[in-house]
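Listed next: structures, encoded as structure tokens.
The following pair of complexes shares a single chain, subunit A, combined with subunit B in the former and subunit C in the latter.
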Partner chain A sequence: MRGKILHAIGLTAIVVFTLFPFVWMVMASFKTQSDILASPPVWFFTPTLQNYVDIFADTKVSGAIVNSLIVATLSTLLSVVLGTPAAFALARYDFRGKSDLWFWFISNRMTSPIVLALPVYLLAMYANLLDTHLVLILIYLTFNIPIVVWIVTDQFKSIPPDLEQAARLDGADQFTIFRKIYLPLGAPGIAVSAIFSFIFSWNELLYALVLTRRNVQTAPVVATSFMSGYELPWGKIMATGTVIVLPVTIFALIVSRHMVRGLTMGATK
Partner chain B sequence: MTFLRLDNIKKNYGDASVIKGVSFAASKGEFVVFVGPSGCGKSTLLRMIAGLEDVSEGQLYIDGRDVTYEEPAKREVSMVFQSYALYPHMNVFENMAFGLRMAKRPEAEIRAQVMEAARILQLEALLERKPRALSGGQRQRVAIGRSIVRHPKLFLFDEPLSNLDAELRSQMRVEIAKLHRSLGATMVYVTHDQVEAMTLADRIVVLRAGLVEQIGSPTELYDKPANTFVAGFIGSPKMNFISAKVSSVSGTGLRLDHPAFAGGSLGVDTPAAARAKVGDTVTVGLRPEHLTVGAADPVLSLTLDFAESLGGSTQLYARQSTSGTPGEPVIALTPGRPELKPGDALKLGIAPGHIYLFNAAGLAL
Partner chain C sequence: MSEAMRAAPTKPNRGYGRWTPLWFLAPAVLTLFLIGIYPTIFALVTSFRRYNITRPREGFPFVGFENYVSVLTDSTFWSSLLLTAKFYVTVLPIQVVLGLIIALLLHKPGMGLLKSLARVTLVVPLATTYAVVGLIGRLIFNRDFGVANQFLSFAGFGPVDWLSTPGGAFAAIVIMDVWQWTPFCALIFLAGLSMVPGEIEEAARLETSSKLALLRHVQLPYLLPGLTAVMILRSADVLKLFDMVFVMTRGGPGSATDLISIYIQRVGFRIFDLGTASAQAILLLIITIVISRLYIRLLYREVQ
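Entry: the complex of A and B
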């Protein structure tokens, strides 16, 4: 009984801790600037939609959300399309340099992004790709493909090899085995890696800030752009933040339906 | 007519040699069982026939065609895996239809073939279920169903019953035997269970450490084992072995000395006597079920260690009466429930035709 109470207290603490910033952001987005800056903080206030009216008054925020959607969706899609066959090869075949390739995928995430910001900026400039969707999609692929390869390789490895051999005897070629056996059975891992990829691409700020100017600014860039030297319009920033969080939440909810555990149960004894 | 032929098949993994040259032929419609202890290479051999393992050396023929380097799908074989290997995301119908779909057969034909297999295996009520909603025996049936829908030339079974409980196992054994009779197809079946081998096989291939020990019908292996390994492997409980010394040879008669024998020696009448000489070590093999309690002229004089009643019969464990090294216990299987208690003297007789003799190298004399 005591353990249960402690358990509940611990869980509540974690939930409050993680949700508080989120709640604060949503609350602030409905406050006036003076309510936001009030000290002590105001818990009960007259909500206003003025911040939302302001941010949608010009097309900057809505345009940025469209940009973010294009970049995040395409880079997620591409990283799944390119990453899953790579994961299949790493999970099921032995070839020379396999462990080196594996390490290369991992090491991609070891470099701090800021280290590469300047070289990437110069490359993009020379390639005439600054301020395009393409450059962001390409950069995000370098982050997302390793995520997909990691998670999905592990998922594919857990599929019993007997299934593949049964399919070979049934006359399936490699591509069919990949499509009909591995993709459906790897769906939970693919869904998880897609969520990670999407969230990463959606929230990424550094490269979006460095590589875009006016046309392709993504939502996080626009949210920070409200900060000027003269004022900090917290209401607008928080309203933009709330609007930014919505699509990721919806995407995660849709995809998580596929994260069914134990999908491979029943294949073998 | 030879349907399946293995010609000096070898398999190496790097320096390790797993199959060391297996030659063997099966005719059409034959039920062949590969049997042997774990690690003898029987599953590897089966997977080489299926094409799931490369053949390192030698040739493999199915229906007169050299398929040594052929793709698995083009060999027209089907295989039932030990793990069943059902596709977990497909229902029973789709599991069985998968191979036909791969072969791009028309939908009507697929339906007809799957329904036919489902009828034979009594799976009609389960066609919409996913494998995880099936019991072990039902999964087993689906795995067999998947293998019969394509009408393959050759059926391969890799220890298909080892995941089932004892009752289901004997039930499925009968079903597989029936299936073989009704399809008339050539089947190769791998097991480590000698009871499955004895009951199912037309012919048994006994394997040990990558080599064939003996090939023959179940009764041949039982009556004329080529060596002590086969003699010990086939039959349950295991054959008793007594290592004796030849004390005299006369025409077709041999006299063998061992303290376990009644009177210290045993006379055997055998045409093989000519090949033995005084002083040779000969292994005498006696099957537990051939030993009789209370025979008029006993061959073994032992002391009972303990008795296990199996209800209808009794299994007796006995040791040499004389002091000194106790040696291997001798097991006898006798009908009924003899009135014996541990420590009693046990005289065991045997019919003359049931004594097996092996030379020092373990080969039948």
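Entry: the complex of A and C
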């Protein structure tokens, strides 16, 4: 009995620990400025929707969310289009340099964005691509293609080879096999990898901070930009934060079973 | 099974030509080459030049290893690397211990509904936009109206000026990192625990009532690969860590939270000394490649 109570307390503590900062942000987004600035902090207050009204009236915030949507969606689509054929090759063929290729993909997971941010900034400046959606969409492929490749490779490997044998006897070429057998059967893995790409692109700050100016600022950049000057608009900041985090949290809950795979590149299953 | 069928995978008639894999790989590889390798080479070239874009008149002359010499003799660079190491050795044990406790609680039988709830909520910190974690940190650790100081006052302590004292700021980013990444460790350990064959675990439970003995002799071997993964991935993540710290402290006060990615960003995009910053980035890349090699060596044996 005592063990059971302790277990319940422990599990409750986990829930409180993981949710508290998130809930505190959401609570603050419904507070008036004076409730937020109250010292000590207030836990019970009359909620207001004013902060949300303010941020959706602010074209800067809504524009940034649209920018984030454009960049994250297109980068995700592109990485699926480019990544799934590569995953097919890695899952089904043996060739020289395969392990080097794996190594390269995995290094991309490890590398600090600052390493690429410096040269890409200069290259984009010379190519007049600073402050465009295109440059962000392309640079996000550096982490999106690897995630698609390794999750989808895994999925493709689990497709029984017998299916392929049968199709081959019917005279199907490799591309047909890829399109007619692997794409449909691998769809769940492709969907999971697309969700991960979207989450990572949506959350990214460093590249967006460095490579954009006024026109293409993404949501995290705008949320961060509120953080200067006196008398910070805390309610608006927290409402913006909530609006940014909510969609990716929902996505993450959908793929929660695959979270570890997505974050470790499949080393532990 | 006939001889022919057993040998099938290695027979020349595989249904595809020698160059078939290339056609499937080419789009991804070419793209990554263009957006990953080419800029890296450009950074390498830049790292051998004097490259300050606020002074374009002077041109960007090649200066040999000058940038590398100045980086390697720059005490700020070293202290920033050292600080990053200090951050790593501070957060890692906390995350591993808390993560293990959480994993054990989630692995323990019973409490179905509450357990599923706890399991699902672990995903929330992991998905939270890193920059927003920084914003939340600014709110929670505010000296005047932050809830962290309210908790301290419940425990009978006076208020702490978190974000404007060196120790306080470092502690604050540690706490936020622990919040965000402990679930990651927990999920990896949980996956390890679920690999222990059920019969073995039950037999061991009958034999000993000591949880610690069970952990050490039965579960530990299944936890070790996960621990290796956590140690390596977290080290790469800490070298990458930028968003949350940038939003919370910008590396300050002074250089109290000036982790390596923050420092390089400042040299490159505040001082605009891109030659030096590129040299620093290349050095960081070398460290990262060593770490990735280690990761592959230890965890991807089957691929090799």
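Worth pointing out:
The rule we apply is simple: the second predicted complex is superposed on the first by the 235 of 269 C-alpha atoms of A that agree within 3 Å, B and C clash if a C-alpha of one lies under 4 Å from a C-alpha of the other, contacts with A are read in each partner's own complex, and residues count from 1 in each chain.
Basically, a contact is a pair of C-beta atoms (placed from the backbone, for glycine too) under 8 Å apart; a residue touches a chain by one contact, two chains touch by 3 or more.
As the structure is a prediction and not an experimental result, all values here were calculated from the model.
Once chain A of one complex is fitted onto chain A of the other, the partner contacts of A:Leu185 are limited to subunit B, with no touch recorded for subunit C.
Touch criterion met: A:Arg168 reaches subunit B and subunit C at once. Of the two partner chains, neither subunit B nor subunit C is touched by A:Pro47.
In the overlay built on the shared chain, the residue A:Met25 is in contact with subunit C alone; subunit B does not reach it. In the superposition on chain A, contact of A:Pro119 is made with subunit C only, not with subunit B.
With both complexes superposed, C is the one of subunit B and subunit C in contact with more subunit A residues.
Overlap of the subunit B and subunit C interfaces on subunit A: residues 168, 263-264, 267-269.
Only residues 15-16, 20-25, 27-29, 31-32, 35-36, 38-40, 42-43, 46, 53, 101-102, 105-106, 108, 110-111, 114-115, 117-140, 144-147, 149-150, 153, 176, 179, 182-184, 187-188, 191-192, 225-226, 229, 233, 236, 239-240, 242-243, 246-247, 260-261, 264-265, 268-269, 274, 277-278, 281-282, 284-285, 288-289, 291-293, 295-296, 299-300, 303-304 of subunit C touch subunit A when the two sit together in their complex.
Contact residues of subunit A toward subunit B in the complex are 160, 162-163, 165-172, 176, 180-181, 184-185, 262-269. Chain contact summary for the complex, subunit A toward subunit C: residues 4, 7-8, 10-12, 14-15, 17-19, 21-22, 24-25, 28, 36-41, 81-83, 85-86, 88-90, 93, 95, 98-99, 101-104, 106-123, 125, 138-139, 141-142, 145, 149, 164, 168, 174, 178, 199, 202-203, 205-206, 209-210, 219-220, 223-224, 227, 234, 237-238, 241, 244-245, 248-249, 251-253, 256, 259-260, 263-264, 267-269.
Chain contact summary for the complex, subunit B toward subunit A: residues 50-52, 72-73, 77-79, 81, 83-89, 98-99, 102-103, 130-134, 136, 139, 146, 150, 163.
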